[in-house]
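Right after this note come the structures.
After this come two complexes, each holding chain A, first together with chain B and then together with chain C.
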Partner chain A sequence: MTDFLQLLISGLATGAIYALAAIGFTLLWQTSQTINFAQGEFVMVPAFLALIAMRWFGVPFVASLVLAILASMLLLGVAFRYIIVGPLIRRGVLPLVISTIALSILLKESVKDFYSAEAQTFPTLLPDTLITVAGVSVSLAQLGVLAVALVTIVLLQWFLAGTRTGRQMQATAQNPTVARILGVPVERMILYTFLINAALAAMASLLVSPIYLAKFSNGETLGLIAFVAAIVGGFNQVRGAIAGGLLIGVLDNLAAAYVSTAYRQAIPLILLVLVILFRPQGLLGRKEERAV
Partner chain B sequence: MSTSTSLLIGLLLLVLLALAPVDLNDFGVPYPGLRRYGTYILTLWLVTAIAAMGVNLIVGYAGQETLAQAAFVGIGAYLTAIVTKAGVPFGVAFAASGLLTFVIGIALGFPALRVQKHYLAFVTLAFTVLCWLVFRNEQWITGGVMGIRDIERPTFLGWPLRNHIRFYWFVLAITAIMTFVLWWIVRSPWGRAFTALRENPLRAESLGIDVRLYTLLTFALGSAYGGMAGSLYAPLVEFIDPSPFALGPSLLFMLMVVIGGSGTFLGPFVGAGIAVLLPEWLRAWETWYLLIYAVLVMVMMAFFPGGIVGLLSRLVARKARS
Partner chain C sequence: MASNTEAILTLDSVVAGYGKMTILNGVSAAIRRGAITTVIGPNGAGKSTLFKTVFGLLGVRTGRVTFDGADTTSFEPRRMLDAGMCYVPQGRNLFPELSVRHNLELGGVALSDTSRLAGRMDEMMARFPMLREKADAQASTLSGGQQKLLEVARGLLLEPKLMLIDEPSIGLSPLMVQEVFSILKDLRSAGVSILMIEQNARQALAISDYGLVLEQGQTRIEDTAQSILADPRIAQLFLGGGLAPATEEKSR
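Here is the complex of A and B:
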């Protein structure tokens, strides 16, 4: 039982990180119909931005984390919005899908060629000391990850539901045409979504890299988990992405312990197939009415 | 172009390709013929083009996204390698590869296409990773990371295809047949239904075209092309391991079709040619190759989303007008 609780907590910690990546993915889809096949790489790159700041320019650790988040917002937010998505969005979904696939290859290869093909250790904010409560030992680092991720999610929910800008963003997501008629600056709202996505991906990156090391190929798994979390939870719901992320984190940890490490990666995929078979709108999703 | 001219051009191309590895000096033409490696690359191009034709059918004609073509190629390759090693004739293995991947295509596509347009992309993505895990982990049947070696090239009607030129001709003949079948399908009422779907789905549906059934069958057929390409790939390379069937190569299949020109008949051949030949030309900058390719794809998407064939036909049309 204590084993189970330990696995549950560490599962929630990684799950919260997955949720961050999945939320960004869902937001992009909602506001601009962008399926970002480079989402996994968006979670891989910021850790390397921090490593570059630390190792090449000698910036202190905490400052380089902040720099990494800001640089990600600029590169993976603003530049992504205007250089890649902007010219393609009017051409329909396929060119954009292809372009983000190419972008994922570009990011992966750039990190491999310009930084390193080896996995890099990444420092953690909190020490790895174990805390034992009632026989259950959890590391402080894990609790820290869980706390940071949850606070980010709560802040985001508050922003989306409680502020004027957040509600304008939701209006843009639900119906851009009506939002524009009502005077919502739709273009700016879409840019905000890209900024938020980049910031969430950067947070996820900085939280996950101390656990799984930073490596150029990490994006493949992370991206896949982000898609699966978004679909399992419900493609059109932010809270769906949160639930999906947490669920996959926990299942992943339990599967690694109780089923087999060789097929650990298969668990989210099987979950995806089950959801598509039995509850295609996602666990928390609403049915989307089709136009035809 | 009329039917007879396109058939004539196709036949001419076929003859030229068949002569590519032959030394023509004996016939008074100063052409030495491709060497062993050149012939191998040309055969690889044909095999890749078969799989790419399948992707083109799914992407260009049915408007779906498939990220599983390398997995289907892998299924065909492993099936062929395993059963021909057990003594089953190649013809049977080839047919079985096509049939199995067709059935898997139906099974994957049916639930995914019920839901939403892009779900097929995610389901095929998941399927590719799942297949790769099976290829890597199930050592008792796939050999795991060590792979399967010494896959024999088949014999065709008592004619051994061990020789690289003979095997090339064999693959060329199969490619020609499969190209013709696809060409015929695209021009049949079945194929016309697709054009209708692509141009105006609402009207197509109101005319009684069952959109989902058509899309599902196209996906299954395109996947079967992948399986059959895999069945030829195994005896071509004579050694298979999981790496060419991972997610990365599946994504590359999708890219090559769009680069060539999705929805155009020649697109897959052009795209496959670039995907197979570019790494050979850029051998000196091996590490940069994928980087350059990715940038190329992004630039193409921004300026010429019709791909190379689309761009060329636009240029030709402009010239014809002026």
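Here is the complex of A and C:
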């Protein structure tokens, strides 16, 4: 039982990171029909931005994290929106999908060529000391990851549901034409989702890199898991992405412990197949009724 | 024989369309202040396109639109709202996952003075008590008629001078159609001008002051609603020979 609890907590911690990456995925899809196949690289790059700040320019650790988030919002948010998505979305979804695949290759190769092909250690905010409560021992770092990710998610949900701007973003996602008819600044709302996506991806990056090291190829797995988490939870729902991310994190940890580590990678895919077969709109998703 | 009340909206040889398609081929019309005007015409005559063009969702290629004394030809929707026009499109136009209250609140996005928002929302809820009862329900749980009421209330939040409303009766029960029409009449009494598209043409003209018959993107007839109802050619062409038009849901 204590084993199970330990696995559950560490599963939730990684799952919360997956959720961060998956939320952005669904936000971009909802507001701008962008399926971002570079999402995994969006989670890989910010750690390297922080490493560049720390190792090349000697910026202190915490300041580097802040800089990495801000630089991500600029590069993976604003620049992505206006240089890639803006011009390409007018030509349809497919050219944009292909462009994001190209972008993922560009980001991966750039990090490999300009930084390093080796996995890089990444400092953590909290030490890896074990704390034991009622026989269950978890590392402080893991609890920290879980806490930071959950607080971020709660803040995001509060912003989307509890503020007028957030509701204008939801309106833009649910029906952009009507939002425009009511005077919602639709373009600005779309830009906000790109900024939020970049910030969440950067958070995920800074949380996952101390655990799995920072490596140029990290995005391959992370992107796939984020994509699967979004589909499993329901592509058109932020809370779906959260549920999908947490579920995959937990299942993946439990499977590694109780079944076999060899099956670990298979879990998200099995889940994906089951959901597509039996509940194609996702666990929490609603069926799409798109106006033509 | 249109009376000589002042026009709130004037179209002067307006040409507009999508891509290579031209839908409006030089529409001219004068919509009277303080009146209900119904636009009728066959499918593809350009009725909805006319609304989108007037409201700035679709660009005017040539011609001129004047609203409330100002040239609004090149205005975007946001500026049309500021100028005092609102637009309730055809079909379902709510945000299904937001509550009734938040749907209503989004009608006030363009309010210049946000401190007035709460007061305006209260007024709307007092006027349509159903909105207060269901304030916290998801908009998608409302019936078709309730959804239309919410859309109208949302449009009224900015105190518009002119409401464009496209096919309000679609998908509604006959009783609900009566209710929506009576709300439009109340609005007219309160001084709001209304320009409506309605396939339920006979019923709509019966509550209207004026009618506008569009055909192939041009104004065919512009007259009082009564004369249009009495015109035998129009009855044959557009009013479906007295049979009640189908009211089934038109999916879009």
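Rule of thumb we're sticking to: the second predicted complex is superposed on the first by the 288 of 292 C-alpha atoms of A that agree within 3 Å, B and C clash if a C-alpha of one lies under 4 Å from a C-alpha of the other, contacts with A are read in each partner's own complex, and residues count from 1 in each chain.
Everything that follows uses one rule, which is that a contact is a pair of C-beta atoms (placed from the backbone, for glycine too) under 8 Å apart; a residue touches a chain by one contact, two chains touch by 3 or more.
The structure displayed is predicted, hence computed values, not measured ones.
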| item | value |
| --- | --- |
| Superposition on chain A - do chain B and chain C clash or fit | fit |
| Which superposed partner A:L106 touches (first chain B, second chain C, both, neither) | first |
| Touched partner set for A:I84, first chain B, second chain C, both or neither | first |
| Centroid geometry (CA): angle chain B/chain A/chain C, rounded to a multiple of 10 degrees | 90 |
| Which superposed partner A:G135 touches (first chain B, second chain C, both, neither) | neither |
| Touching partner for A:R167 - first (chain B), second (chain C), both, neither | second |
| Chain A residues touched - chain C or chain B, whichever exceeds | B |
| Contacts of A:P127 with chain B and chain C, given as first, second, both or neither | neither |
| Chain C versus chain B - closest C-alpha approach in the superposed model, Å | 12 |
| Residues of chain A at both interfaces, chain B in one complex, chain C in the other | 292 |
| Chain B contact footprint on chain A (complex, rising order) | 35, 37, 84, 87-88, 91, 93-99, 101-106, 109-110, 112-113, 220, 224, 227-228, 231, 235, 262-263, 265-266, 268-270, 272-273, 276-277, 280-281, 288, 292 |
| Chain C to chain A touching residues, read off their complex | 55, 57, 77-78, 81-82, 87, 89, 91, 93-98, 102, 105-107, 109-110, 154, 252 |
| For the chain B and chain A complex, residues of the former touching the latter | 59, 63, 65, 111-112, 114-119, 121-123, 125-127, 129-130, 133, 137, 201-202, 205, 211, 247-248, 251, 254-255, 258, 262, 287-288, 290-291, 293-295, 297-298, 301-302, 305 |
| Residues of chain A touching chain C in the complex | 164, 167-168, 170-171, 174-175, 177-185, 286, 291-292 |
